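Note that chain A is present in both complexes that follow, paired respectively with chain B and with chain C.
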Partner chain A sequence: MNTELNYFLQTTSNGISLGSMYSMIAVGYSMVYSLLYQVNFAHGDLYVFGTFIAFSFISMALPLPVAILAAGLLTALIGMTIERTVYRPVRYANRIVPMISALGAALVLRTAAQIIWGPEAIAFPQFLPGGSFNLGGFTLFHKNIIVLLFATALVVGLTWIMNHTKFGRATQCIVENMEAAQLMGIPLNKIIPLVYGLGGFFGVIGGIMYSGYYGVISIDMGIWGTVKAWAAAMLGGVGNFYGAFLGGLILGVSETFAGAYISSAAKEALGYIVIVLVLVFRPNGLLGKKKVVKV
Partner chain B sequence: MEQIKKLFSAKYKRFWLALMFVCLIAAPFVTSNLQKRVMTTIFIYCLLSMGNMLISGHAGMLNMGQAAFYGVGAYIAAIMQLNYGVPFILCFIVAGLGAGLCGFLVSIPCLRLDTDFLSLITTAFSYIFLAIVRNWMSVTRGPMGLTAIPPIELFGYKFSGATSIYFLLLGIVVVCYILMNNIVNSRIGRAIQATRDDSIGAQSVGVKADLYKVLAFVIGTTLAGFAGALYASYIGYISPNNFVYDTSLTIMQMCIIGGLGSMPGSIIGAAFFVVMPELIRPLAVYRVGVGGIIMIAFMLFRPQGILGSRAFACSTGIQEKLKQKHMEWKMRKQRAERAGEGVR
Partner chain C sequence: MLLSVENLWVFYGPIEAIHDVSIQVDQGEIVSIVGHNGAGKSTLLKTISCLLKPTAGQIKYNDGVINGTDPDKVVSAGISHVPEGRQVFASLSVYDNLMAGAYSRGDADGVKRDIDMYCQRFPILGERLHQRAGYLSGGEQQMLAIARALMSRPKILLLDEPSLGLAPVVVNEVYRIIEEIRKDGTSILLVEQNANRALNVSDRAYVLASGQIELSGTGKEMAENDDVRKVYLGV
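Right after this comes the complex of A and B.
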């Protein structure tokens, strides 16, 4: 097979894997964001904290699914606690206020992680299977496919939950109109913490996949993850999980291509240039609905 | 209590202002070098947060890339001085204009977007700027940064001592503050605020909303450029790490803690965020976390910031709740008194 073509295919598969992991983190973010339209600066540090917990569980020789599930549940609990202590008291204030208190919560989480696990990057067990297919000279690793499948399942599953369960429909009501939902008997103070918990849970799954794929974890991934998840969610359009998925994929693929074909320096910049270009031409994101401005 | 309130009323405003200036002018003669450095840093951050206050507070566009504009100013000034030997005053002006031009370019796509998409664009600009600075080795020397930037020299006088720089920056901050305050209270400022509160309403009474949004952005980022030029010459060394995203977030926090939509608030916020880390430095590892807790507590207690208007807080916040409790208690007392009178 042509080496050029092989390189292209390899880059594409790497890009799609990176994109799937971005989208897994972004889906959790998008969920929380679409609820109250708050820029959640704690999301990144929350999922990194959860991934650290999973790391501890795995090194305690717990079976992998149990470790992932337990870490996810613990993170969901932390997410709910953050909602209770940091968001709820200022829920009706200007929307900038929760942003700053979330930033404070992020700093607390970061410090806690730094004290418990240390500031250096730690090697994370690479649990994804290492085998590969050989497609006429082009090797497709099993883990590339697994990550993509996982992300797809997550997005489809979450969309199903949102559209077909009582909890999901209650969430949609709150998104539509918080006061009316409350008057219809939807328990606001139960649904909103649950959404925060679920967002943290899916964020952790994305984080564990990322750390398992690249075999590394560090506390610096927090703010980085927040910005990437935010960017992917906004790129795809708010309140739409397929949008977050698409946004994550575009971000991952464009970054990987920039790294492979231009230079590693262009990697960071190109992702953001793509975001700016998309937002200039589609101000509400790729799949976002156009907001009608009422006078 | 009433007497203390009276002391802070508008009648005594001039007295307090005069006292503050006396303190500020006397300060460098009684403080140590470290304290002077801290205060000079506060002045630089004042310029940044005042610029950001106009953009985020008065124009309502959350600018998360202020540190990048700061960096543009710093790099322009440093490169002009190191490579071409241009005098400082010229560098200072060009740095401001350069950052303002970047602000203009960034604000154009922002006109089509609202709130969060806009903060995302400024975030993106911040990261693109960092990527360029880190990798354009021939000009910016990448992560190594630019060293040996000459100290500030104006009209033949070298500002090399801590005290002289202190006074120079104090003067610049005072001038900028007066300018910004006048802008905010003039027709331009009112138009900017009207655009923030209701863009369509403002347009219907003849305010060119887009023009004022861009204008606010350009003025705010120009101030950041000035701050960058001053910082580069003051420290003598700049590297990409000075202008990372965290710095933008800190500047945003200064504005919010100070109170969005209040120019004096931006100065108080800057002072708070420069002094607080210095005070909790002995806590070592726990420093960042304690800073976070202070921020959370602050937001829960007074959501609108120190000098912000109540419009930003709604009826949330511990302070407001205490006030309500106090009012209820007063009412109950009055009612009880009235009932007592009736019996008699």
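Right after this comes the complex of A and C.
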């Protein structure tokens, strides 16, 4: 096969994998975003904290599925605690207030992670299977396919939960009109913590996949993850999981192409550029619904 | 006594909205509260639903005190509130709106039967069952808002300005439904600026002005009272 084409295909498959991981992080993020309707600064540090927990569990030689599940559940619990202590007391305050209290929570999580696991990046077990298909010179790794399947399953699963369970329908009512939802007898203080919990749980799944894929975990992935998740969710359209999924894929693919064909600096800048462009030209995202933002 | 509000005071920060208000609703009654813009009518209903907390006073329902609990407990106890401006969930289907109204119930079969029943009673809801509620007209949304509130099988229904912004024929339809609901055994606390219609169907009525009860009496007495006629009926 011609090396140009091969390079192109390789870049595409790398991009789709990176995009799948962004999607997973963005879908969890999108859940909470639809309630808050603004940047959740705690999301990135929360899922990285959870990924560190998974790292510890795997290091203790717990079976992988158990380690992932336990880390996910613990992170869900931390997410619910954040809701209770950081968001709930300022639920009816001006928009800027929850944003700042979330920054505080992010700082606490980051500092705690630094104390427990140290400030340096550490090697994460590369648990994804290492095989590959050889397609006439182009190598498609099994893990490329696995992360995409995982991300797809996640977005389909979450969408199903939102549309077909009592919890999911109640969440949609709260997102649309909190006061009317309360008049239906929907208990805010039961449903909202669950949304934060689920958001954290699915965020961690994305984080673990990311760290497992690239074999590294570091504290810096927190703020970085918040930006990527925000960009992906914004790009796709807030409150729409397929939007977040699509946004994650587009972001991952375009970043990887920018890195492969332009420069690594271009790759790094792309997430921020996407946020600015979307905010300016399509504030509701590609698949987003219109919503009047409360000021 | 089904519902009684006793010496209620409600503030928004420093602003007083409800000033020492006491009202009662008996089993099977339609009771209305009439008053101008900003009189405190919606505030009173929201306080009964526990969306707002009173500064002082009590709200008793079936002889238990309900203020201080959460709105979902109020719904489970049998009080359902149709808010001002309908507030249907516009991006959800008519069906999902009705399901939302049934959130407090656990009997899936009964919920299904009730949805079928309301689809017959309000044919437009049946026809549009799987369309977005936001596509319904104002009158249709009011029917949906009422049906949705009834899905919790309340003992008392709070209605906040159900005729607001509707054409006269549709208002007639809404009032026909209000009387039907009462016949089915559900008590009604009705809030209106459109005092004429409200007083005509009410067993008893209160006039609320600047957060205070100014007058009360039977619906008929109130409709014939000269002050009420001058100030609220524009006669």
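One rule holds for everything that comes next: the second predicted complex is superposed on the first by the 275 of 295 C-alpha atoms of A that agree within 3 Å, B and C clash if a C-alpha of one lies under 4 Å from a C-alpha of the other, contacts with A are read in each partner's own complex, and residues count from 1 in each chain.
The working rule: a residue touches a chain if its C-beta (ideal position, glycine included) is under 8 Å from a C-beta of that chain, and two chains touch if they have at least 3 such contacts.
All values derive from a computational prediction rather than experimental measurement.
Trainee: Quick one: classify A:Ile275 as touching chain B (first), chain C (second), both or neither.
Mentor: After superposing on A, A:Ile275 lies in contact with chain B but is clear of chain C.
Trainee: Tell me the contact category for A:Val227 with respect to chain B and chain C: first, second, both or neither.
Mentor: Only chain B; A:Val227 stays clear of chain C.
Trainee: What is the contact status of A:Ala170 with respect to chain B (first) and chain C (second): first, second, both, or neither?
Mentor: A:Ala170 contacts chain C only, not chain B.
Trainee: By the touch definition at the top of the document, which applies to A:Gln114: first (chain B), second (chain C), both, or neither?
Mentor: first
Trainee: Now for A:Asn94: first (chain B), second (chain C), both, or neither, which partner does it touch?
Mentor: After superposing on A, A:Asn94 lies in contact with chain B but is clear of chain C.
Trainee: If you stack the two complexes on chain A, which partner ends up touching A:Ile146: first (chain B), second (chain C), both, or neither?
Mentor: neither
Trainee: Going by the contact rule stated at the top, is it chain B or chain C that touches a larger number of residues on chain A?
Mentor: Between chain B and chain C, B touches the greater number of residues in chain A.
Trainee: With the two complexes superposed on chain A, say which partner A:Ala181 touches: chain B (first), chain C (second), both, or neither.
Mentor: Second partner only.
Trainee: Do any residues of chain A touch both chain B and chain C, and if so, which are they?
Mentor: In chain A, nothing is touched by chain B and also by chain C.
Trainee: Please give the residue numbers of chain A that touch chain C in the complex, ascending.
Mentor: 166, 169-170, 172-173, 176-177, 179-187, 189, 289
Trainee: Give every residue of chain C touching chain A within the complex, in rising order.
Mentor: My answer: residues 49, 51, 70-72, 74-76, 80-81, 83, 87-92, 96, 99-101, 103-104, 148-149, 152.
Trainee: Within their complex, state which residues of chain B touch chain A.
Mentor: Residue positions touching the partner: 62, 109, 112-114, 116-117, 119-121, 123-125, 127-128, 130-132, 134-135, 200-201, 245-246, 249, 252-253, 256-257, 260, 285-296, 299-300, 303-304, 311-318.
Trainee: Using the touch definition up top, name the residues of chain A that touch chain B in the complex.
Mentor: Contacts found on chain A: 37, 39, 41, 85-86, 89-94, 96-98, 100-101, 103-108, 110-112, 114-115, 223, 227, 230-231, 234, 263, 265-266, 268-269, 272-273, 275-276, 279-280, 283-285, 291, 293, 295.
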